[in-house]
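So, here's a batch of structures to check.
Both complexes shown next keep chain A, but they swap its partner, so chain B is in the first and chain C is in the second.
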Partner chain A sequence: MSIKADFQLDAKGLSCPMPIVKTRKAIADLVDGQILEVSATDKGSKADIAAWAESVGHQYIGTVEEGSVLKHYIRKCSDDTMDEQAFEQIIELDEAMKREGLILDVREEAEFAFGHIEGAKSIPMGELEARIGELDKEQEIYVVCRTGKRSDLAAQKLTAHGFTKVFNVLPGMTSWTGNLTKNI
Partner chain B sequence: MSNKVAIIASNGGLFDAYKVFNIATAAAATEKEVAIFFTFEGLNLIHKQGMHALPMPAGAEHFAEGFAKANVPAIPQLVEMALELGVKMIACQMTMDVMGLTTDDFIEGVEVGGAVTFLEFAKDAAPSLTF
Partner chain C sequence: MSVLKWSAAEVAKKVINNEELFILDVRNADAFEDWKIDGHKFEYLNIPYFELLDGVEDILPKIPTDKDVLVVCAKEGSSLMVAEMLSEAGRTGAYLAGGMKTWSEYLEPIKVGDLTGGGELYQFVRLGKGCLSYMVISEGEAAIIDAVRFTDTFTSFAEEKNVNIKYVFDTHLHADHISGGRHIAATTGATYYLPPKDAEEVVFDYTPLLDGTTVQVGASKIDVGAIYSPGHTIGSTSFVVDSKYLLTGDILFIDSIGRPDLAGLAEDWVGDLRETLYKRYRELSNDLIVLPAHFMIIDELNEDGTVAKHLGQLFAENHGLNIKDEAEFRSVVTEHLPPQPNAYQDIRQVNMGKITPTQEEQTEMEIGPNRCAVR
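Now for the complex of A and B:
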């Protein structure tokens, strides 16, 4: 299946260090939280892109191989750490798993595709407003993202729309050690 | 963690050029502050004419085909990219004097300095590399 990205960069046929140089240039035009897809044929680019993202502070989501083409997914982020926890109703992931409600994953589609908790529902943060009708006010909702920052905002948004049984999952998927389901 | 990468380029062949400029551009693209100190034959790598015809090591000429096939960027292109990414290039004044070279012999963007200029930059750089 194809994975949703905000921008595509074609680095096919280029050898090291060009895929990295091009990726750096391309990601400068994205805003925080957007996803860049880099297509490359350089076999070393998988390790390089991951190391590059780690070094400069962006989130390397994963790589899909399609024949000789490697498609790398990177999420631009300058700061994903929780600076301010505004939403007060919080829950730990383990605790949420034991309960009956819905796990709502508000990360981007690409992040969800590369690994999520079985049974979780995906609505990226940016689409929450438009898709709020898909959620049930009677059900407990445990909002999860990678670190707890986006889910904090999403939980506030749900509350503003009259949802009361909303919990922000802290810290988020970074602390998840259970099985991951993939859609790739 | 150091955010600086210091490189000494002291050889003037095509392979040397790739080692130097690949590492330099990759480091600069990873938001590192990079300086290359060109000395002795390394000055060849930033010489206006010389950089277009860098020699292969004796017996390795057959790699020319491999370079073309792997679609490796040409050295002048890599150098331009390195400068665009903010890589600092310092030509060693002492060896320039020995070899009778002036700044006019080098591409634009090259600075001239002595050993202390490089040492000052490299004192807190990690890694420091010599090619």
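Now for the complex of A and C:
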């Protein structure tokens, strides 16, 4: 299946260092939170993109191999750390797993595709407003993202729309050590 | 200032002549940690190229101006970029042509010694990977042992020396590198020998290499005699050349011994390894000069670049030959082993003739250190 990206970069046929040089340039034009897909044929690009993203603070999501083409997914983020926690009703991931409600994963589709908790529902943060009708106000909703920042905003949004049984899951998927389900 | 391009041969000279060199390795930290160009007097700085895209100013203070500086990367592109940046910053920018890929493939032929009647024995040192191959030359004929896959190097060398390659041997079915033996035999008409116990699954014809198999090279009839010496693999065989040299394959190295686990049968083969190292080799003359199929660390190189030492000296110094207790020996060679070589299972399949990868795929498979030993 294809994975949704906000921008696609073709770096096929280019050898090191060009895939990284081009990726760096392309990502500068994205806004925070957007996903970049880089297609490359240089096998070394996989380790290099991951290490480069780590060194500059972007989120390397994963790589899919399609024949000789490697598709790398990176999420631009200048700052994903929780600076202020606005939404007060919080829950730990372990606790949420024991309860009956819905795990709502508000990360981007690509992040979800590369690994999520089985049974979780995916509505990326940016689509929440439009898809709010898919959610049930009677059900407890545990909102999760990578670090807790996006889920904090999503939880506030749900409350503004009259949802009361909403919990922000802290810290988020970075601390999840259980099995991951993949859609790739 | 312009950018200088160094060949792998020039770097090899620096290693062998014990010269100083400062290597700026711009690969990923993991790749550098795993595998780098080793030299006795080399210094290193590892900064991934993608951290230098904005310039090299920050690292200039860490780069010496009083010695040669060589920028190295995986394949060449990034090192060229960084070398150009150094040059623009007023430094001498030099990079390794072909990067670590080419370094991994480079073979340096070094003469080990003279044989009876004007014969010669050469060791082909693959510095980047630690593989050692051998050529016995005598009056118009040659025998090759444990050839790596860069077969042109051997055939050109034979042409230069004006000898016909008559015999090609593999001491065992290799798991860390792709053998060039079969290819050399096919192109030169030489006889290709393999130990049958390692060759049960091979899909091509070969001549069985058995305990006692002896060939004579050249008019002076230099003996190359086989001794069955299992343990690294069940078929592993050693050679005595001209009653002077002992080619040990992957059974005994200078500073370590073979590992028995690469074919998945460590527990079964550990007894064979013990018997080979502690009984069969003990019956041989201590004056034999051991020539292994690998070296692990640069300290195993002699001053002339060869990897060779008297068997008697190894009995005295090599830890793996001095473990009195059998149970302790068993534990040393089956537990806490280093990671297995990259793609070793695929490499075995290639050497059995079951798969035929492209050159590029072969290069990928052989990336990284050889890791055939237990220290």
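Rule of thumb we're sticking to: the second predicted complex is superposed on the first by the 184 of 184 C-alpha atoms of A that agree within 3 Å, B and C clash if a C-alpha of one lies under 4 Å from a C-alpha of the other, contacts with A are read in each partner's own complex, and residues count from 1 in each chain.
One rule holds in what follows: a residue touches a chain if its C-beta (ideal position, glycine included) is under 8 Å from a C-beta of that chain, and two chains touch if they have at least 3 such contacts.
Computed from a predicted structure; not experimentally measured.
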Checklist entry - Looking at the overlay, does A:55 come into contact with chain B only (first), chain C only (second), both, or neither? => result both
(request) Report for A:109: first if it touches chain B alone, second if chain C alone, otherwise both or neither. (result) neither
### Task
Applying the touch criterion given at the start, work out whether A:37 contacts chain B, chain C, both or neither, answering first, second, both or neither.
neither
Quiz item: Looking at the overlay, does A:13 come into contact with chain B only (first), chain C only (second), both, or neither?
Solution: first
Looking at A:47, would you say it contacts chain B, chain C, both, or neither? Reply first, second, both or neither. second
**Prompt:** Touching A:24 in the superposition: chain B (first), chain C (second), both, neither?
**Reply:** both
So the chain A residues that chain B and chain C both touch are 15-18, 20-21, 24, 48, 52, 55
Listed in rising order, chain C residues that touch chain A in their complex are 28-31, 48-51, 53, 73-75, 77-78, 81, 364
So, in the complex, the side of chain A touching chain C is made of residues 15-18, 20-21, 24, 43-44, 47-48, 51-52, 55
Within their complex, chain A touches chain B through residues 13-18, 20-21, 23-24, 48, 52, 55-56
Seen from chain B, its contact residues with chain A in the complex are 22, 25-26, 29-31, 70-73, 81, 85
